[in-house]
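Below: a set of structures, written as structure tokens.
Two complexes come next, and they have one chain in common, chain A, joined by chain B in the first and chain C in the second.
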Partner chain A sequence: MWRSLQIGLSQLFSPAHSTGELVAYVVGALLASVLVLALLHKGLGWRGKRRLTMAVTFTAGLFFALEYFYPVRMVAGRQRNFLTDYIQPANEVLAIIMAFTVGLGIYSLIQVHGRNVLRQRRGWCNSLAFFLSMVVMFGFTLADNYIKVSDPPPAVLPYPKASFEILFNGLFMPLQSATFSLLAFYIASAAYRAFRVRTLEAGLMMAAAFVVMLGQVPIGAWLTHSLPVTGYHGIPAFFRLENLGEWVMTWLNTPAQRGITFGVAIGALAMSLRIWLSLERGTFFSEQS
Partner chain B sequence: MEAAAPQGFRQRLQQLPRGFIYLLMALVVVWQLLFPLPMPISPSATTKGVYDAINKVPPGKLIVISADWDASTEAETGPQMTAIMHACFRAKKPFALLTLSPPAGAKLANDRAVAVAEQYGAKYGVNWCNWGYKYGYENIVMSLAKNIPATLKSDFHGDPISALPMMTGVKDYRDLGLVIEVTGLANVTEIWLGFLRGPFGTPLAAGYTAVMAPGYYPFVDSHQMAGMLVGAKGAAEMEALVEHPGDATRIMNVQSWAHLLIIALIVVGNLGYLLARGGGRR
Partner chain C sequence: MNSLEHANWFMRALFFTLSAVIVASVLSAQRGRAMYIRRIPGLSAIEEAVGRATEMGKPIFFSPGLAGIGITTLQALSILAHIVRLAATHATRIIVGTADATVLPVAEEAVREAYDSAGRPELFRPEDVRFVSDSQFAYALGSVGLMSRDQTATNFFFGQFFAEALILTENGRSLGALQVAGTPDPVQIPFFIATCDYVVIGDEYYAASAYLTREPTQTGSLVGQDVVKAGLIALLIFGLGLVTYLAGHAPNGTVLSHLLTLLKAGS
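And then the complex of A and B:
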């Protein structure tokens, strides 16, 4: 019965063979999703919604945990257990659900910025720029994906592809890089203003910072290059800044990071369990109770 | 009056105008970009670990380079990526690019791969390929463990993944010789450690921005990772290993003097602070 259900579903959801079929699938799936969500929203009270969410969360968590921890055996050259075959479709479902969150994000942005533009609030020009950027980038990215060119590409690209290249490589990339490169200026200024040796601990931190900063760049190695690499039981070589920097990172940083990682991992495990078992407060409509 | 002047000097040492600091930094950066003073670069143990891991990949196994970065961190991760590709092509090890996040990483890495492949006469689909951006983070990493072709379906160009000659016989993680995670994002490596390195024992290496690298030293120390490239420094060291000095080597000249400037500024600020404190005590 299960097998016939699988066959039936795969026949129903066979891959689209034409653009029209694809558009029909997408629109149909969207309409069906909206209908299901609307029915759930109207038909279930907050208690029902909460129970449904808890049940789905628990089942999904149990599925992935069981699949990961349940012993495997070799079948047709692959290690698998009774749940392995369902990982693929389960992940596809998850990807679709996650894609809905992108749509939700865009909807929220449109709502906020649309209100700014319509009411001409302060800074409404920025909101308008958001709409323009989103529409233009969206359009040209789609065009770039769907317009195929020969390999190697021609000297003159078709207009939509060339426009995408200009927008992506000529505008988006430099803007993003420039934003982050400003960090160099802010860090220089912030380090100068905030770094004061007020206590012994601050002094130790500064010493470690200087060693690591110089050990990470060739000029550090150059400053101490006259120290012999061999001899005297390797003691002078240890004080070469690149070695001293590596020592700080390996011998001082590593144990500290390991301790932090253990702490974070235990915390994350506890939090995951609380979410899985719906014990976490403030989730799943609990505030409506 | 005599005491007021030194006090003002001490205060001024602590309160250099922000614009002046920015100007100094800009001058240092431009000076080193235009007139670099080349300095020797000696590869660290963590970088050698990545280089050795690439060379140790057995014949018939695929290297996956996960390009999880975009323009915001490209100054560090971009040259890392290029240097790693050089190492793969030099060692004649086929590799596949994959992007889990952010989406722009797929194109940025592809552009770099096309440029490097040209230098070696490498062919797409034979010596390298791009699996493209796959949405789903750990779900993708988890699915790849079970069935690589079924998870990927199509490559960066939208063509069927099974049509690529180098993908013949690649079924799951046991067919991979190494995964190199190049990223500016925290917590992606942990996914690979959990679903690849742990259950399958497939070697894992990484390239990180300098600011996130300290958090991953424990994994190199425990040999869960074969090695890692630390920021532009790691990229420059890799460039030295593959004898192909590029962007990172230039960046290291700039970074050297920028670090010196920051240290000098901190010293000046503290000098003013200590002088002012000494003056106050008197």
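And then the complex of A and C:
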């Protein structure tokens, strides 16, 4: 029976051999998913949904934890145990579930901007621009994926591909870069506020920043170049700005960052346990009884 | 077996010991053992920040960061639920902008439930929990747009942030909003400290649920975390001392040198 189930499943999940088969698979999977979700939504009450969430969370957590902690043996140069082969299918299931949520994201955007346009709220033109951009980008991205060109590409690209190039690489990417470049100004204004010496701590931070920044640039090395490289136990060389800056980063900054990471890792472990065992009640797994 | 694909004996032993300590602490708290949590200014400021928005009659903006559903984001949503419960008692509006489509339904559910548990389900507006964009800078600019159009009085940033953190917080500051941020990422902490009024750093971020709700389960977990941390620091110091001693006093081929090799393999 197990064997026939395996054969049935492998036939069901075998790759599509034609476009018609692919469309049938996609539509069938969508319909089946909608049906299952609708049945769960209608059939399960509030408590049932909670229990299902808890069961799925625990099972999924147990699967990945067991795969990681269960002893392994070397097979074909890779460490494996009895669950390793199922990691990839499990990740694919996760990817499919996440793909469903993209639809929810698009629905949220359409809902918010659609209402703005229909009610002609202030700035409704921006919402209209959103719809136009979404439709145009969607169309040209599809076209770009499905229109094949020779390799190397011709001097003049087909119209839909050229349009995609202009919209994505010629418009969207420069806009991203322009936004990123704004950071330079924001860093300057934030640094100005942070380095105003009003307290002892701010003074210390200012001094440390001054040393580190000077240690990174040639003028810093020039300012202290007269200090000998060798000398009494290397003490004068330590005060050369490039060395002092490196010392601050390696011996003060790095341990502090590692200390924070250490605490965060333990906090994440505790949080993971609370989620896995459904102990994180107030928000995700019903109120504390 | 130094690969990170699977745990070695040391990691197994460590994980199960640490987990056992945390779970034992949770169970102990659930049985009624009193536990103390020190004051965390960043988390105490949440109430003040919500109060400010209420007094000014303006909305609150909450960002759960750029990451998808994971431990960091779930903690952010846990904090969001607490903020919504606080805001609901004063009927203050909260706008949530998500950057990941997987976070949207979970955030929506968390907000809806928080309004329900505060006894104000009628205040929940689905359009206030919205997907902004999954593109980093489009999200930053979209969120800044939300803040400036709605003139938010308070902004909360809890979760995983990257380069967009400074764009969000500098603009929030220029709008005159009171800002509270929290992230477990050490790289982003300085940017938040420079631009926000209150910052929750490092493991304080994971202490938030316990600190805000004071539920026995959460408090027990937090105290368990601290016990684990103290134990690990002691183990770290002991291990450092042992390896340093063995490196100087264990000739090759002796039992001590084997112990040194074992310790190095375990690390």
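Here is the rule we use: the second predicted complex is superposed on the first by the 236 of 289 C-alpha atoms of A that agree within 3 Å, B and C clash if a C-alpha of one lies under 4 Å from a C-alpha of the other, contacts with A are read in each partner's own complex, and residues count from 1 in each chain.
Going forward, contacts are C-beta pairs under 8 Å (C-beta built on N, C-alpha and C of every residue); 3 or more make two chains touch, one makes a residue touch a chain.
Keep in mind that this is a model prediction, so the values were computed, not measured.
K.L.:
I'd like to know which partner A:A184 touches here: chain B for first, chain C for second, both or neither.
P.N.:
Touch status of A:A184: first partner only.
K.L.:
In the overlay, answer first, second, both or neither for which of chain B and chain C A:R196 touches.
P.N.:
first
K.L.:
In the superposed arrangement, which partner chain does A:A270 touch: chain B (first), chain C (second), both, or neither?
P.N.:
In the superposition, A:A270 contacts chain C only.
K.L.:
For A:Q257, is the partner it touches chain B (first), chain C (second), both, or none of the two (neither)?
P.N.:
Both partners, chain B and chain C.
K.L.:
Could you pull out which residues of chain A sit against chain B in one structure and against chain C in the other?
P.N.:
Residues 98, 176, 179-180, 187, 189, 191, 193, 257, 260-261, which sit in both footprints.
K.L.:
Help me check something: in the complex, which residues belonging to chain C touch chain A?
P.N.:
Of all residues in chain C, those touching chain A are 1, 3, 5-7, 11-12, 15, 18-19, 22-23, 26, 68, 71-72, 74-75, 77-78, 81-82, 98, 101-102, 104-105, 110, 113-114, 117, 126-127, 129-131, 134-138, 140-141, 149, 163, 166-167, 170, 184, 186, 189-191, 193-195, 201-203, 205-207, 209, 213, 215-218, 221-222, 224-225, 228-229, 232.
K.L.:
Within the complex, which stretch of chain A touches chain C?
P.N.:
Against chain C, the touching part of chain A is residues 67-70, 72, 79, 81, 98, 101-106, 108-109, 111-112, 115, 122-123, 175-176, 179-180, 182-183, 186-187, 189-191, 193-194, 257, 259-264, 266-275, 277, 279-284, 287-288.
K.L.:
Quick check on the complex: what are the chain A residues that touch chain B?
P.N.:
Those in contact with chain B are residues 64, 77-78, 80, 84, 87-88, 91, 94-95, 98-99, 145, 168, 172-174, 176-177, 179-181, 184-185, 187-189, 191-193, 195-197, 206, 210, 213-214, 216-222, 242, 246, 249-250, 253-254, 257-258, 260-261.
K.L.:
For the complex, give me every residue of chain B touching chain A.
P.N.:
16, 18, 21-22, 24-26, 29, 39-42, 44-45, 70-75, 104, 107-108, 135-136, 139-140, 142-143, 146-147, 150-151, 158, 171-172, 210, 214-215, 217-218, 221, 230-231, 233, 236, 252-253, 255-263, 265-266, 268-270, 273-274
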